[in-house]
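Each structure below appears as structure tokens.
Below are two complexes that have subunit A in common, paired first with subunit B and then with subunit C.
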Partner chain A sequence: MSTNIRTKLLRKEPFMETDKLLILGVYDNPDKTYAVTKKLIAGGYKVYDVYSPFAIHGIDRVMGIKRTRLSVAAFGFGLTGIASALTFMIYASYFDWQVNVGGKPSLHIPTYIPITFELGILFTALGMVACFFIVNRMFWGKNADIMDLRVTDDLFVVAVDVKKGKGDQRALNQLLIDNGAIEVRERIKEV
Partner chain B sequence: MSYESPIRDQLVTGGKTYRDVSSDITRPLENAPSKGWWFGFSISSVCLALWIATTAYTMIVGIGAWGLNKTVGWAFDITNFVFWVGIGHAGTLISAVLLLFRQKWRMSINRSAEAMTIFAVICAASFILSHMGRPWVAYWPIPLPNAFGTLWVNFNSPLVWDVFAISTYFTVSLVFWYCGLIPDIATVRDRATTKSRKFWYGFFSMGWTGSARTWHRYEIISLILAGISTPLVLSVHSIVSMDFATSLVPGWHTTIFPPYFVAGAIFSGFGMVLTLLVVAREVMGYKNYITTEHLDAMAKIVMVTGTMVGLAYITEFFVAAYSGVEYEQYAFFNRAFGPYWWAYWTMMSCNLLAPQVFWSRWARTTPWFLFLMSIIVNIGMWFERFVIIVTSLHRDFLPSSWVMYTPTIIEISILIGSFGLFFFLFFLFIKFLPSINMAEIKGIMNMHEGGQAHEHEHTHEIIEKGAIHGNG
Partner chain C sequence: MEHVEVQIKEEKYQITEGNKKWAFGLMIVGLILAVIGYFTYHPHIEGLSEHDLHHLSMKRLLSNLLVNGYFFFIISICAVAFIAISQLANAGWYVAIRRIPEAMSEYTLIGGPILLLIIILGLPVLYHWAHDGIMTEGSSNFDEILASKSWYLNKSFFYVRLILFMSFWIFSAFLIRKFSRNEDQIGGLTSFNKTYALSAAFTVIFGFTFSMFSWDVMMSIDAHWYSTIFSVYNFATGWVSALTIMSLFTFYLRGKGYLNIVTDEHQHDLGKFMFAFSVFWTYMWVAQFLLIWYANIPEEVAYYKERLFGSYKFYFYFVVCINFLIPFFFFMSRDNKRSRTVGVFVGACLLIGHWMDVYLMVMPGAMNLATDPSDAYPAGIIKVPAQGFGMMEIGFACLFAGLFLWMTLKALTKANLYPTKHPYVMESALHDVGI
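And now, the complex of A and B:
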């Protein structure tokens, strides 16, 4: 890290050792964003995150993001829903209080299928989405820490963590610009 | 990496950039509503007031305010309920089933179709509540420990299944819709120029940053939500049909009901989607997003499902004749040639015959004609439920109980009022939320090198034609 930048940053606000120094490459096109991310990772830089107005397909694999286990969670919630529905219906209509409706059997599993199915779906959806919000630390009223106001509109930002991985900022600047960055910026992110 | 199929024309026309998409779609949110919006909103508010007044009247006076009698115990109420639930199905079909089939054209219509689902289910639920007569005890179908000696609900009853099916459907649709909205709400938040807009859209965007990690999880949960919504939507109308099919009433006691109802639901739902979108694309200037290709695709689905429903009508007739059961035979003969023959033939001509015009491409791509057809489909599907319910009931096993059913002015007002409720919510939706999914639309525009779509017309022509796009 060049000392020049470091002193400038220090003058503005205290720079804690734990803070991240991010170099942001701003792009206007998903293909360029994808390509530069690939090159950065190949070049030994640490890509902190990529911000985009829509999902760039395949960039998660390039960045080495492991497949989320939300689908496993969803399956677990589904099983929970199915088990609770069945248990409850069997308990209520057979063990707790049998009701004679037209002489029909009190315990009749096939007619429990619809409700079991519906509750399986309900638990899956609610549980999985709740987990999604938890792992993303999303909640109502949260202040968004966005890299650029237009990142939800038409710009793409590649954030490189120069304290981890390769820290050669001059080469990094050049790499970002050579790959079509319309702007290169820096940003301190408190952890 | 990806296969580009040259089957379809461009999904987004007019050489739009990403920024154009954001500003076009957030225009109604960021500006004062147009005269057209106020006009529509006022009319629906008046109808909503009618709905409130007549529903309140029913609750005060009781079900006696309706034209029901000892023989015909279900009529307008359940007709309207099944009609509205059916309308909802197109939304889930577009957002879930078409997502699984990777039909990219769904992207510009799924948001409004999902909103339509939610509002239609609200309308449907309102009929269930009011037809109970004593809506203040509407919680009785929910299995709660109670004061009646732990008397649980009867889990063998399709009416109880229906309570679970409809409430699950509403909840899951709402969750799916909201998850889809979060990135777009964030777009509105970041464009906001007023304090209140910044606050409210900021509040509901849940701190969305557009990070690749979030997008990765987001894509997975969207896919799973679509995967579970698909059997859900099929189960909901199957269970609604079982309200009838598990009874012993001739004309209802039919094993064909579940698939027949599901096809009918999708048919009527697409009818309503067309009604809304043909107008919306005109009034809100979304012609570049909802192109004639979208209308064409929807019209094809209307034709296919309409024909499926027509096949079911004919199959029912055949099976009744073939069964040798005189009650079944009479029920169907009475439908077509009895006192309600006009309702039956309205249904037949609107649902089976009318959609056959969609064999012609002109019919599928001419907006005014599609609008007309969508109204015909809506009318036809409303009559289908009326025919199934009223004509099956009005001829009892006991001839001394044979009656005719005529709706009262209250019932007709509630029906008109429910459209008021539906459009009231829909107008609020298009004013306050982005009615086209911006994030998904931007994803399929696929502006390769250069950034501006029109600079590279030639490559784009080939690339954007892809029905199957990206590396999915």
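And now, the complex of A and C:
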């Protein structure tokens, strides 16, 4: 858990304008989590995120998460890899220094295919990992911002952003509890 | 589960009039075309005797039979392999479409004996190594290289292998179908566990036997030539075609309103499989071609010479384009994998392409005429240029396609369209690849 938030809560520091106020509903069952997420969205609340130890099928659609653009990025990285491999090999083995290997032609694309293929994969893989880290703002030394440590084990957390969407906290608490929450908590998330 | 709105229903497929018309229409039209093609085929090649030319039409007939017999047989056997591998991997998603590969595997019952018959008829005609006297020292057409392979390439061992392998596969397919259909009656985990054990045995044995099977049936046509990746390459051909046919059947059945638990998610996964294994096929294709091209060893290069520079040039490039470029570019995007139109288009292209691939494996070697080795023909082979793509090719392809279609549709009626009591049926119904 991020130490900043804990100290902030203990010292009762004032909220910053940019801080998010999240209400967490803690559940012990994926189906309850799914059902309450659906109800929250239908009720006009802004679901910040749902945390789960494993994938709950269909919840991404319910939450209205947009489709990832990682595949588009991957295609771009792949093309970069292919282009750089071909450029380098054509330059090296045809323009710069021709070597006679068993009388084979110097400029022959099929011979370049294995390396083109490998470099395409290498660029795609590394590029996608880099992209993933950048998009998720992950870097060395960053503390994992876990809503509740128990979501890494057996519990599920639905986080509702009450500054956005419907802000009726009393009704929200009731909704979360009525749908089987074993615990409802409040937490501040710095952005 | 609480948020689930799917219903597991017992669906039975009813064969429609349209199905009958299509299946039997294909068979009849195919047979007529093939017969017309056979009788109107009068090859004219300079330097060949009348007897040789007559022999050529018989060769073309049998090669076409072999192409189709082999192509549809490996599809149906790869459908069994698909079930076995999915079962071993404890896959859940495929359960909703499992009855389609099961139905396709029923073709082995008739396709296996047909292929065996074709090979028995074709052995002295198509396979150079099976000619009389070719392995006996002192005879006029004695071939030293082939004689050194006689411990493996001799008729009795060849038939023993073939019959042993094919009966094992057909029997396994029969058992897998039987367990699965029993499951609909009794439920429980008995059938699942039995299928699991059978799949484990089948997958291991299939890996080895399919290799030898492809050497025997396909590679030994060019008996001087060998490629160590050939069996993987053949497996890729059969596997992609089997996946394609499964996908096409799924589209068809869903379009008819069957398979209520199958969604675009399953179609998407089949599409991913088709995409991935098209690339795998190309990988194998390149691996085989590139090494032979680079090494430039005469007896290996001979195989590619007639394909790459000879009269089969067009087919050679056509096969790569249709089997790699079309699925690669059309199936790369997620939306296309879920689209019916694109799916059917790519599926049709892949089937044509892989059929053509088998055609290209058989034809150049099988159409060559055997002769006594001399200065003019040191290998004892008279090269025959490509005889074109005519009515015989289309006819036999239609005939076998109709037969395959009919066997599969008939098998679909024999059980529920998806296994209602399979332990993973709910998991499959809820299958979701996410956004």
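To be clear about the criterion, the second predicted complex is superposed on the first by the 180 of 191 C-alpha atoms of A that agree within 3 Å, B and C clash if a C-alpha of one lies under 4 Å from a C-alpha of the other, contacts with A are read in each partner's own complex, and residues count from 1 in each chain.
FYI, a residue touches a chain if its C-beta (ideal position, glycine included) is under 8 Å from a C-beta of that chain, and two chains touch if they have at least 3 such contacts.
Quick caveat, the model's predicted, so the values are computed rather than measured.
On the shared subunit subunit A, the superposed partners subunit B and subunit C overlap sterically. Which of subunit B and subunit C touches more residues of subunit A is settled by the count: it is B. By the touch criterion stated above, A:111 is placed in contact with subunit B and with subunit C alike. By the touch criterion defined above, A:31 reaches both subunit B and subunit C. Contacts of A:135 after superposition on the shared chain: subunit B is touched, whereas subunit C is not. Once chain A of one complex is fitted onto chain A of the other, the partner contacts of A:151 are limited to subunit B, with no touch recorded for subunit C. In the overlay built on the shared chain, the residue A:70 is in contact with subunit B alone; subunit C does not reach it. Judged by the touch definition given at the top, the superposed model places A:60 against both subunit B and subunit C.
In the superposition on chain A, no contact is made by A:179 with either subunit B or subunit C. Once chain A of one complex is fitted onto chain A of the other, the partner contacts of A:51 are limited to subunit B, with no touch recorded for subunit C. Once the two structures sit on top of each other via chain A, subunit B runs into subunit C at 145-153, and not at any other stretch of 37-45, 73-81, 109-117 or 145-153. Put simply, subunit A uses residues 31-32, 55, 57-58, 60, 65, 67-68, 71, 104, 111, 114, 117 to touch subunit B in one complex and subunit C in the other.
Subunit A makes touch with subunit B in their complex at residues 28-32, 49-60, 63, 65, 67-68, 70-71, 74, 78, 88-89, 92-93, 96-97, 99, 101, 104, 108, 111-112, 114-115, 117-119, 121-122, 124-126, 128-129, 132-133, 135-147, 149-154. Interface of subunit B with subunit A (complex): residues 1, 17-19, 22, 143, 149-152, 154-156, 158, 160-161, 164-165, 168, 171-172, 175-176, 179, 182-183, 186-187, 189-191, 202-221, 224-225, 228, 231-232, 235, 239, 242, 438-440, 442-443, 446-451, 470-472. Listed in rising order, the residues of subunit A touching subunit C in the complex are 31-32, 34-35, 38, 55, 57-58, 60-61, 65-68, 71, 75, 102, 104, 110-111, 113-114, 117. On the side of subunit C, the complex with subunit A involves touching residues 1-3, 283, 286, 289-290, 293-294, 296, 332, 334, 430-432, 434-435.
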